[in-house]
Every structure is written in structure tokens, then in C-alpha cells.
Amino acid sequence: METLDRIIAEHPFFIGLDDGFTNLMVSCASNVRFKAATYILREGDPANTFYLIRDGKVAVEVMAPQHKPIIVSTLSVGEILGWSWLLPPFQWKFHARAVDDVRAIALDGKCLRTKCEQNHDLGYEVLKRFAQIIEQRLEATRLQLLDVYAVRR
Amino acid sequence: MTVATAVTTDPMLPQPYAVREVAKETPDTFTLRLEPENAVNRSSFQPGQFSMLWVFGVGELPISISGDPALHDRLVYTVRSVGQATHSLVNRGVGDGVGVRGPFGAGWPLEAARGRDVIVVAGGIGLAPLRPVIYHVLQNRKDYGRLVILYGGRSPRDLMYRKELVTWARNPETQVLVTVDYGGLNWRGHVGVVTTLFKYSRLQPARSVAMVCGPEIMMRFVTRELETRGLSRDDIYLSMERNMKCAVGFCGHCQYGPHFICKDGPVFRYEQILNLLEKYEL
Amino acid sequence: MAQGPEHVLSADQLGKLIEALVRQGYEVIGPRLRDGAIVYDKVESSEDLPAGWTDEQEPGRYRLKRREDDAFFGYAVGPQSWKNYLHPADVRLWSAERQGETFRILNNEAKPQRQHAFLGARACELAAIAVQDRVLLEDKYRDPIYDRRRRGAFIIAVQCTQAAATCFCASMGTGPQVSAGFDLVLTELLGPKGHRFLLAAGSDRGAEILAELETVPATAEVCQEARARVEAAARQQVRSIDTAGIKELLYENFEHPRWDNVASRCLTCANCTMVCPTCFCTSVEDVTDITGDHAERWRRWDSCFTQSFSYIHGGSVRTSAKARYRQWMTHKLASWIDQFGSSGCVGCGRCITWCPVGIDITEEVTAIREGGQNGNP
């Protein structure tokens, strides 16, 4: 568990958070592995865990009728997968598939949610960090939407 | 004020070259290798420069030179077919003639980058004017630090120079990261805009010089990302594009604020143009 | 050489000046009446000149009016400038022949047969020629077409003794006094002492021509009278541009509401760029004949006011009239300074006169300085 300690404490997401809280998160963390082509989470399932990717690539996908699944983005080493555990209805909005073999740290989102409700200072700190992640993803998504490499006639 | 230069070949007259090879990079992009009809002509250029390519009776286009600057017997161009003139250019066959004027413009800062890490950020066809930089750095490896190549394309089939991307990555102290806006089930690489690659790169901002080329929107976001990561505005270079007719600063078409892209550019230091990039309809 | 000593030439001897130039092999280009305007065209004798005519100019208005005297140069400026001769509107750059799979370029740009003598160049026009010299001869490349025509051109300047309502050269520091850049300079004087010209040489070849004419040395009195007339022309000007800090003013006001105001009036007709003596933008056109074996490249005047001027694949960068007007004015008054070390505007007022809706560049500058949306709706 020592490695887990260090990884979590040093990850940008956790820096600046109360030590006691970080320790709590570590106690709810576990190493997980996903084989290539398996699904880490599925759209519609309850969202109670989030992941800190340590190795491998994850594809965030949308299942569309009459289409093959559409990859909207990929996440890799050091990135956090999943924020829907934080806000109601606590349900995944996309599929996430391991593109190669993925190693990650699973963190207890349900536990963290409860703590945030009880301690709003903590809640604010956590929300701030996730807001930043969401903002970066939103900006990147908008850029993708622009289809800048397409030929306009 | 600069002194009028006496050029050895008249910059206004196309020199006859012939197509020696045509390679298809993507469904709409082709790489042409041209060699001069008159073998005496040396074809040298600085990475980042462009030529005006003339198709007999059709028209003339500014195209960045995308070949190896160490080879002086040829000029290589990667052209995307987007309209009538580019269409006729990419449909040239081996042996067909193409008129070449140039090379023109201010190129990439290879001298200023000596001893430093070089970050090449390319979007779409923007990798073409940057390929000469990659060749130069890899051939003069000890003159440069780390080489980081970040390349974004529309989709997997739109990626150029695929074999070279693989061989480049095998060089020491060289990192190549590729992403696409639209992936597919068979694509096992990154999906997302090129700015998302930064976090996976081994960047050392203080030691780095960045060279960026791609659609203007992409360059705006990339420079912002580079600045956020600690690069100085003097160490970020962009290649700009505007309408060009003469390439020698007389027709006035390529003006970008006070700059003539054909002679003050196309490569600019970010510091020089940062207050122009944000202006709509400049 | 600095300006030589001043002489007086009787007005009826003006034709001899033209003859002397023709003898030296020049084709004399000077003012002529045509299509209700004073234009620059071939002049063979003094009878071709618009004696007794003047122009009345206002924003969007140009009329010729008869004078009470017979002054040859009693007008301000017409729609054209010497740009039409030095930087022609249509030039074939070269032609080419197909040869199998390749081609051969015939470097056969049409060259003028005789050099021109420009009769009647105003101070603003000389300033404009100097501006174009800087752009086309003294920057990174040299334009051989302009070079060839410029080097041989013989310039007979004329001091302005009256100003049109649209003139503002005094505020631009380009006139009305001619001080350099000429081979000969004339000041036309009329009155009880007779119709005569004060003239002086500004170069060796000017002195050569002067030597062929019947002149008498000018008295101090005549010189004084001539200077006073030019000073009066300066005082007569009703328009001006305050050029202090104008570069920063325009660079920093990219989003000023005045641009929308002018855009609602501007037709993007490009008249202003056609008549402006410093506008130099051109385009190239490649043409073939029906066989496809012969090709030519032509250079033609172009204007930043056209939709296609800023076209790159996908569309034009400056699609709105607002962006195009702003580009022209900012380039002329501000960017030009960074590019070439001086303003691009010489205060000739042509753009004001020949704008069909009467947009006045001097008024636009004032409006931006003052920060409000004043002026004509």
C-alpha cells in the first residue's frame, strides 16, 4: 500500500487537501487492472468509483444505434476517469473501454461524496478540482467540434 | 529597412522543374518530388520556406517545402487537394513540368534552437512545413536537445508520413505522440485534439523552443497551452498563412497587420503576432 | 544637385519646353481635358493643356469650371496620378510556350518605347512617388517594371498656388511646397505683370533642358511672389489629419464603433484605391490561348476592398465591408509606418473626392480620436 500512498498524495488532484482526508482516501483505494477491450464502466450504471489511470489507454465512447461505438476522447497515464459519481443522478453518461491493458487506482466515490456533504470545506476543494478537469475536457471537446482539419468549400 | 537583394534567379520567373515521384499520403494529400530541368540549378532552402508552384496555364500556388534540406538536387512538396489549382497540381504525373519560383520567406529558428529541446506541434497538413525541421534535427542530433513531436489529424486515414513517424520515434531522446479528432474501432491511439497530448509529453519548458503549424484556431489554442506550461513567448514560433499572389512583397495580398507573410514570415515569433491572433477579420 | 538658380519664362514659351523635351527623346505626359476631368495623357503642344480650367472638389463631387484667366495649371489634382505610368494597371509579365512535358519562359515583359516626361507634378504627387519608390525599389525585392519606368522619368513639378477643398497635404507634411525629387520646377504667376513661370532646375538633366529655353534670371521680388502664392495655397486648405500618435490610435481601436458607422456607408467600390497615388496592390492572372500551348502571366491592379482579396481555401478572411474599410485605412495611415517608415497618405484628397458616397478619411480619423459615433449616418 505504500506505493499507493505516495501516488495518491503526489497526484495533482490531491495536493493541498487535508492530510486526514487523503489518508482516508488511501484507505478506500485499491489497485485494479482491466484487460484490453473490456469495459471499465458503462453508460447508465450507478457511478460510485473513479479512477486514477496509471498505465494504458482508456477510450470514452458513445453507443449510437446503427453505428459502431464512437470514441469521443481517450485518457491515459495520470488522468482521472469519471466525474459523474460526484453529481446527481450519480450515473455514468458514457462507456469507458480499456484500449490496451490498463492499470489504475480505484477510489471510493460514494465515500467521498458522503464526506463532502458532511464537510462543505472539503466539498468545495473537491468540486474546485473537478471543475478544472471538466473545464479542460469541455474546451478540448469544443475544439474537436470545430473540425479544424476539414476542408471547407 | 532592408537592402534590395540581387537574386541569382529572377524571383518573378518560374524555373522549369519536372515531377520525378508522386506519393499518396492520404485520400486527398500527395507528396511530389520535383527536380530541376536544368541540372545546374541547386535547389536549396531553409526549413519553413515556401515556393510558388506554377501549373502551365492554370495558376500558381504557395506551397511549403516539405523535404530534406540537406538534399540540394530536389524540392519536395506535400499538397492537399482543396480546389482547382491544387487538384491540377496533385494530378501531375511523373515527367510533367511544374514551374518553381522561390524559395521565399523567413524559416524556422534552427539556429536559435541549437542546444535546446525542440517541440514540434503540427495539425493536419501543418506537419508538412515542419518535416524539414525534423530531418534537420535528426541529422544534427548532437546540436539539439530532446525532440518532441506532437501531431494531430482529423482521423486515422488523414495522418501523413505514417512510416516516418514510427522511425522518428526510434531515435534517441525523441518522443512522437499522435492523436486524431475522430477515432474508429480499429484505432488504438489517442483520440482528442492535439492540445491533449501535452500532458503525456516530456516537456522541459525553460529549455524548449516550440514550432507550431496548423489551422489558425489550432495554433491559437496550442500557443495558449504552451504558455500555460511555462514556455516564453520568445520561444514559441508559428507559421501563418494568407492569400499570396507574388511572394515578393509587392502585391499586398498577404498582409497580416503590418507584416507581409511572404517576406516577414511565414514563420513568426509568437511575441511578434500575439496581439494580431485574437483579432477577428484582420 | 540642390535646386539651381531661379529663372523666369514667359507663358507663351511653355510650348518650347515641351518641344525641348521631345527633342531629348521623351514622351511628354501632362494634364488634358477628357470626359469632364483633367487627366494625364500624351501632350504634344501647349495647346493640349487645360488652359483656363479649374476643378471644384468636395466629398463625392468633382466638377470642372472655367477660370477668369488662362492659367495652364490652375487646378488641383484629377482622378489619376503618375502611378498610371510608373506602376501601370495592366502589364504582361512574361509569356511561356509548352515544350513537350515542360515549358519555356519568354521573358518578354512589354517595355515602354520612350521614357516619359511628367509635366505638372504636384508636391503631393512627388511625395507619392517617393512613397512608392520605398515600397517597390527599396525593400527586400526590387520591382523591375517600376524601376525601368521610374529611372528614366523626367519630372517637371508645378508648385500649387491654390488648394482644392479636399486637399490636406499641409497637415501630412507633403506640400504644397515642392522641395525635392524633380528635374524642373515651375510656379505659374498671373497678374498685371503678365503671365509667366518661375522655374528652376533640380538636376543636371533639368538644367540642360532649362538652358535651351529663353529665360531671364528671376528677381527677388518674383521669387517672393511665388513663395507667397504657395503659402497662400497652404492656408487655403480646410481639411487636415492630426497625425500625432496616429499609428497607435488605429492599432488600438480595432473594435471602435466608428468602423461600423463607415461600413454602413462604404460600397466597397474600390474607387479610393484606384485613384490613390500610393496604393500599390496588384494581382496576377494566368491565361492560355485555346490551344493550351501558349500561356501568359499578367499583373493587374487589385484592391483590398474586393471580397476575394483575402481569400484562402475555405473562405475570405475579411468578409465584411467593415473589415475591408478598416484594413485600407489602417494600412494607409498606420501599418505603412511600420512597414516603410512613413505614412502611406500624402494628403491629395482624391479618395474623398472620388468616393461615390463622400467618405472623408480626415473625418474618419477625427471620429475615432473623439471616441464617439458622430458624423453622417
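Each chain gets a letter, A, B and C, in the order it is written, and its residues are counted from 1.
As a working rule, a residue touches a chain if its C-beta (ideal position, glycine included) is under 8 Å from a C-beta of that chain, and two chains touch if they have at least 3 such contacts.
For clarity, every value in this text was computed on a predicted model and none was experimentally measured.
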When contacts are scored as defined above, which chain pair ends up with more C-beta pairs, B-C or A-B? B-C
Chain separated most widely from chain A, comparing mean CA positions: C
How big is the gap, in whole Å, between where the Cα atoms of chain A centre and where those of chain C centre? 68
Could you grab the centroid distance between chain B and chain C? Build each centroid from C-alpha atoms only and quote it in angstrom. 40
Intercentroid distance (Cα basis), chain B paired with chain A, Å: 36
Chain A residues counted as touching two or more neighbouring chains: 151, 153
Which positions in chain C touch two or more other chains at once? 313-314
Of all residues in chain B, the ones touching two or more other chains: 82-83
Taking the complex as given, what residues does chain B use to touch chain C? 1-2, 4-5, 7, 10-14, 16, 18, 37, 54, 56-60, 82-83, 86, 95-97, 99, 241-243, 245-246, 248-253, 255, 257-258, 260, 263, 279, 281-282
Within the complex, chain A is touched by chain B residues 28, 80, 82-83, 123-125, 152-154, 158, 179, 181-185, 187-193, 195-196, 199-200, 214-215, 217-218, 221
Using the touch definition up top, name the residues of chain A that touch chain B in the complex. 57, 59, 68-69, 71-74, 76-79, 99-100, 139-140, 143-144, 146-151, 153
Report the residues of chain C in contact with chain B in the complex, numbered from low to high. 93-94, 96, 98, 101-105, 107, 135-144, 254, 280-284, 286-288, 292, 295, 302, 304, 309-314, 317-320, 322-323, 327, 331, 334-335, 338-339, 341
